[in-house]
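Take a look at the structure below.
For reference, chains read A, B, C and D in written order, and residue numbers begin at 1 within each chain.
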Amino acid sequence: MTQKYTVGIIGGAGYTAGELIRILRWHPAVELSFVHSNSQAGKPVSSIHQDLAGDFFMDFTAAVDLKVDVLFLCSGHGKSRSWLAENEVPAETLVVDLSTDFRLTDDFVYGLPELNRAAIMSSKRIANPGCFATAIQLGLLPLAAAGKLKEEVHIHAITGSTGAGQQPQPTTHFSWRNNNLSVYKPFEHQHLAEIGRSLAFLQEDDLPELAFLPLRGDFARGIFASLYLRTDLSEKYLQTLYQDYYAEHVFTHVVADNPHLKQVVNTNKCLVQITKQGNRALIISVIDNLLKGASGQAVQNMNLALGLEETTGLQLKAMVF
Amino acid sequence: MTQKYTVGIIGGAGYTAGELIRILRWHPAVELSFVHSNSQAGKPVSSIHQDLAGDFFMDFTAAVDLKVDVLFLCSGHGKSRSWLAENEVPAETLVVDLSTDFRLTDDFVYGLPELNRAAIMSSKRIANPGCFATAIQLGLLPLAAAGKLKEEVHIHAITGSTGAGQQPQPTTHFSWRNNNLSVYKPFEHQHLAEIGRSLAFLQEDDLPELAFLPLRGDFARGIFASLYLRTDLSEKYLQTLYQDYYAEHVFTHVVADNPHLKQVVNTNKCLVQITKQGNRALIISVIDNLLKGASGQAVQNMNLALGLEETTGLQLKAMVF
Amino acid sequence: MTQKYTVGIIGGAGYTAGELIRILRWHPAVELSFVHSNSQAGKPVSSIHQDLAGDFFMDFTAAVDLKVDVLFLCSGHGKSRSWLAENEVPAETLVVDLSTDFRLTDDFVYGLPELNRAAIMSSKRIANPGCFATAIQLGLLPLAAAGKLKEEVHIHAITGSTGAGQQPQPTTHFSWRNNNLSVYKPFEHQHLAEIGRSLAFLQEDDLPELAFLPLRGDFARGIFASLYLRTDLSEKYLQTLYQDYYAEHVFTHVVADNPHLKQVVNTNKCLVQITKQGNRALIISVIDNLLKGASGQAVQNMNLALGLEETTGLQLKAMVF
Amino acid sequence: MTQKYTVGIIGGAGYTAGELIRILRWHPAVELSFVHSNSQAGKPVSSIHQDLAGDFFMDFTAAVDLKVDVLFLCSGHGKSRSWLAENEVPAETLVVDLSTDFRLTDDFVYGLPELNRAAIMSSKRIANPGCFATAIQLGLLPLAAAGKLKEEVHIHAITGSTGAGQQPQPTTHFSWRNNNLSVYKPFEHQHLAEIGRSLAFLQEDDLPELAFLPLRGDFARGIFASLYLRTDLSEKYLQTLYQDYYAEHVFTHVVADNPHLKQVVNTNKCLVQITKQGNRALIISVIDNLLKGASGQAVQNMNLALGLEETTGLQLKAMVF
C-alpha cells in the first residue's frame, strides 16, 4: 500500500476514542494524524489511554487539521453538532460521528453495515449507531426485513460499565458496582428511537411494541441482549432467515450453541442465536459495546466508505478469558 | 432462655448447609447437635466451611440423632425423599427440607412465610422454597392475592454462581464465569412449577403465562429479578396493594427507590419495588439466593414453627460493599 | 438489659459510619441516638447506606448531642482533631475516633485490643487503628512481645477498594479497577508509623526495618497481608508463641491451614498463620478492612471500654462466598 | 507473501493452545494446518475455544502431520518429552514447546528473546519460558547483565486464574475465587529454577537469594510482579541500565509511570518500571500470562526462528477495560 489515508480524532480522551486509537494504530491503510483534546492538549495520549505506554508516543493536541481524509467525532452526545457548526469540514472529508447527534437525521447515513452497507459505501457522513441499538437491531433485522415482526418484543440487555463513560459516577464506583446489578431507564432508553427507525425502514407493516429493560452489569465490557416474541414461524424457518440475512456480513454470525458474552469481548463480532422455545422465538445477541457497539463499527464504516476490505484492521484477537 | 432447641443438619458439606451453620451458631434459641456428612465424616466442619476456622470446632459425623428438635435436610434434590424413607423421623421432630422433593406435595407445608405463615407455624414438615421461586413469588404474591394477575408476566432473573452448587462445572470455572453472562433453561426452569402452584392458591381465576428467562451472572451471591406485565391498575393502587400485603412481613420490604442487588446480599431481606411505566407494572425483586432464597428462609421457617420470634438469629449485618 | 447505652456517630455518611450503623442497629446493649452528617442532614440514612432500605428509618442530622454515652468520630483524617476542638465533649463520654488524628498521641489509647486491652478497658478516649496497621500488627505482635523481631520484615498487603473511601477516584472507577492491580506508596505508607510505635512498645531492643509494599486489589473488601523474615526460631516455637499470645483474644485466631481472604470477609476476625519455610518465618494475616480494620474493631473497643462482653454485637455471619 | 509456513498444534484443547489459535489465525505468514487433540478429535475447535464460533471452522484431529514447518507442543508439563520420544519430528521442523520439559536442558534454546534472541534465531528447538519466570526475569535481566544483582531479591507476584489451567479445581471455582486472594508454594515455585539459570548465565558472580511469594488473584489474566532489593546504585543509573538493555526489544518497555496490570492484558507486552525508594530499587513488571507469558511469546519465538519480523501477528489490540 503506497499511500495511507490520514485520520484525525476529535475528542480523543474518552473511552471510544481510546478504542479507535488501539485499532487505528495497527490498521494497515491509515495513518493517525492527530488526536484532538481540549482538556488534555499537550499531554501524551498514553497518559490517558495507558495501555499505549511504551510504544505509542503521540501527544493530544488542541489543533485540528480539517483536511485529513477521515474525521472521527468522539466528543460526546450533543457536542458533534456544535463542533460541526463551528468547523467547516470539507465535503470530501469522511466524517464518522460516534454521538447520538445525527442518528435520526437524513443528513447522515446510519452506520449499521448489516442494514445500510451500500449507502455507507457511498457516503461521506456516517452516524455510528449506539451500543444497545446495535445489539438489539442485529437481533431483529432479519425478522423486520421479512415483515415478520408481528408481536411485542421483550428485550433485556445488560451492559458493562464502560457504557457509562469515563467520568466517575456513583454507579461506576468499584465498591458499588462490583458484584451488583440494577435496572435503569426501563422501557424508555433513548436507543429505542434509532432501533424503531431502522425496523420501520425494513418492515412496511406497523411495528409491534418493543419492551426494553436495560440493566447495569458488573463487568467492564460487553452487551448481552435477550429478545423474545410470540410467533408461528418454525425454528427451521427462523434459522434459515437469519443465516441468509447475515450470510454476507462478516462480523455477525448466527450460531447454534447458546452464546455467552465473552465469546465476543474485544472483537468486532456479533453472535446471534435464534431458537424456538414453545411458541416463542428467543434471540440472544452479544457484542462488545466499545467495538461492534462503538469504535470497531466506526472503523468498519470507515473501511466501507473508503472502499477498503471491510475487515481491515478489525481482525482482533478475542479475549474470552 | 433456659433450654435450647437441638438441631441436626443432614448433608452438611454443601453451600446451603454452610449458611445454616453460619446462622445457627449464633442463634440464641438453638444448639447445633450435629452436622452430618457421609463424604466428610470425621473431618472438621471448618475444613469445608472455611470461614469457621479458628472459632468453630465441630467435626462432620456419619451418625445421626433423629431425636433432635429440628432436622434440616440439605442433601440435595432427590435425596431428601430417599433419606426420609430410610430414616424414621419422629412425627414431633420438625423437618425443614431444602430440596425440591416436597415442594409440590401436600405432605409438607410450602415454607414461604409471606404466603403460608399460619400453616408454617403449626407444621412439623416444611418444604423450603427454591431461590428463583422465592424472588419471583415475592414479586407477584400481592397481585395474585388481589386476583389481578391478568396479563402475561415477563420475568428475567439473574443468579449468582452459588446457585449452581459447590461441585465445579464448566460454567462455574472462574476463568469462564468472570465478567461473563449467559441464559439457561429459557422458559422452562423447574421453579415455574412451585411458583404457579402458589399463585393458583391465591388467585381463583386462571393465571396468565409466566415467561421466565433465567441468567447466570458473574457474581457469587444474589438473585436480581425484574418482572413486568400490562395492567390498567394505577401506580398508587399497586404500591398500596404491595405495602399492605407485606405490612406484617418483617423481611420483605416495599421500597420507593430503584433497588440494586447488594442491598440484600448477606441478609434475609427481600426488597420489592413496584412502579408503573406507561401501561406496564414493573416489579424489581432482589434477594440473597443462599439466605432468603435458601438457608435464611429455612431458619425463618424454623423460628415460626417453633413459636420463636420470626427474626431470631436473622438480624444479619448486610455486606453491601 | 434494662438500660441501653446511647450512641452518636459524627460524620455518618462514609463507609466506616455505614458499617458502624449496620453493627450497632442489632447490638443488644446500645441504642443509636443520632447519625450526624452536615452534608446529608435531613435525608434518610438509608438513602446513603442503602442496605438499610425497608427496615431502618432514622434521618441524618446536623444536630449533635454531646451527652450520649458513646461518640464515634468518622469524619475522616484531620477532621476529628478540629471537631473535638470545637465541641466540648464531657470527659465521661466515651470517644472512639476512627481517623488517624490521635493514633500517635498519648491523649488517646491506641485501640488495638490484642495489644492494649487493659488500657482500653479503663479509657474514655480511644484511637482506632488503621486497617493495614491492624492486619500487619496482628501478624507481628507475638514476635515483638517475645523480643524476637530481629531481621528485616518484608510485608506485602493488598487492600480492597473500600479502603479508598466513598469519594470516586480514577483508581476506584469500576472500568479501571475491575481485574486490575497496582502498587501505591511503596515503603512509605502512613500506617508504618503506628505499626512501629506498637512494636517498639512491646520490644525493648531496636526494631528491624519494615519493608511494606501496599497494593490495590480488584475486590471491595478485605486486606490480605503476607509477612516474612529470616529467623532461627523453629516452626514449633513460633506456632506456640502465636497460639499463646492470642489464646485470650477472641477475634484473632492462629490457624494451621493456608488462609484465604474470604474466610474473614464480613466478620471481625483476623486469621493468622505462621509457618517456617526454609530459614524464613512466613506469616499470613487476613482481615476485613471495614470491620476488624475499622468499624468492627471500634465496636470491640467500645464493648471493652463499657465493660461489656467483648464479642457483643460482633458475632457476625461470615460471607465467604 | 507467496508461500505461508505451515503450523501444527499438539494438545490443542487447553488455554495456551486456544491463545495460539487466536493469534495464528490472523498471522499473515503462517497457515494453521491442524489442531491436534486426542480428547476432542472430531469436534469443532470452536466447541472448546468458543470465541471462534461463527468464523473459524476447523475440527480437532487425532492425526498429526510431522512435516509442517512449525510444531507447537501444548500438551502440558511432562507430556512434551514423551510425545517427542514417540514421534520422530524431522530436524528441520521448528518445535516450540510450551511445557516445562526442556527449559532446563541444553537440547532446547530457552525462548526468552530478551535473553537469547540470537540463539533463538538459529534454533529449531525452543523451550518457551514459564509465565511467572517471564515476568520476573524481565524485571531482573538488566541488573544481572550488569553484574549488579548483589542483594537478596524480594518478589511478590500475583497470577490470574488462567494460570491454573482449564481443569476445574477448588481454587478456580468462581464462588471461591471471586474477590479472594491466597498464597501458594511460598519460596519454592518451580519457576525459580529457570529464573536462576538465566540470571547465572548473565552474571558471573554468585547470585543472591530470590525470595518469591506467588499469589492467586481474583482475575482471569495477567501477572503483576513487584521485586525489590537493596542497592547503592542511583535511580538514574538504574533507569538508564534498563532503558539500554531493552532498547532493541520491541515488546518490553521501561516506563516512567506506576504500571497497572490491565495496561498489558491481551497484548504481548511487558511493562517494567524501576525506581529508587530509599536504599531499595523497586521494580514492577506486568505481563499477560497467556501471551507474553505463554502463547504470545511462543509466536514471538517462532517469528524469530523463521526469520520473520519479530512483531508479525503480535500487534494485538489491548483490552485495558
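Note that in this section a residue touches a chain if its C-beta (ideal position, glycine included) is under 8 Å from a C-beta of that chain, and two chains touch if they have at least 3 such contacts.
Worth saying up front: this structure is predicted, and the values here are computed from it rather than measured.
S.K.: Name, by label, each chain that touches both members of the pair chain A and chain C.
M.R.: B, D
S.K.: Consider the two chain pairs B-C and B-D; indicate the one with the greater count of contacting C-beta pairs.
M.R.: B-C
S.K.: Would you mind checking which chain's C-alpha centre is most distant from the centre of chain D?
M.R.: B
S.K.: Could the interface between the copies chain C and chain D be described as same, meaning over half of its residue numbers are common to both, or is it different?
M.R.: same
S.K.: CA centre of chain B versus CA centre of chain C: separation in Å?
M.R.: The computed centroid separation for chain B versus chain C comes out at 33 Å.
S.K.: Can you work out the whole-Å distance between the CA centroids of chain C and chain D?
M.R.: Using C-alpha averages as centres, the distance is 40 Å.
S.K.: Just how far, in Å, is the C-alpha centre of chain D from the one of chain B?
M.R.: 46
S.K.: Could you list which residues of chain D touch at least two other chains?
M.R.: Correct list: 15, 160, 162, 175-176, 178-179, 218-221, 259-260, 262, 265, 321.
S.K.: How about chain A: which of its residues touch chain B in the complex?
M.R.: 154, 156, 158, 160, 175-176, 178-184, 186-188, 211, 213, 215, 217-222, 224, 226, 228, 258-262, 265, 275, 277-278, 280, 282, 284, 321
S.K.: Using the touch definition from the top, list the residues of chain A that touch chain C in their complex.
M.R.: Within the complex, chain A touches chain C at residues 15, 160-162, 166, 168-170, 172-179, 218-220.
S.K.: Can you list the chain A residues touching chain D in their complex?
M.R.: Within the complex, chain A contacts chain D at residues 15, 18, 22-23, 26, 47, 49-55, 162, 178-179, 220-221, 250, 253-255, 257, 259-260, 262-267, 269, 271, 290, 315-321.
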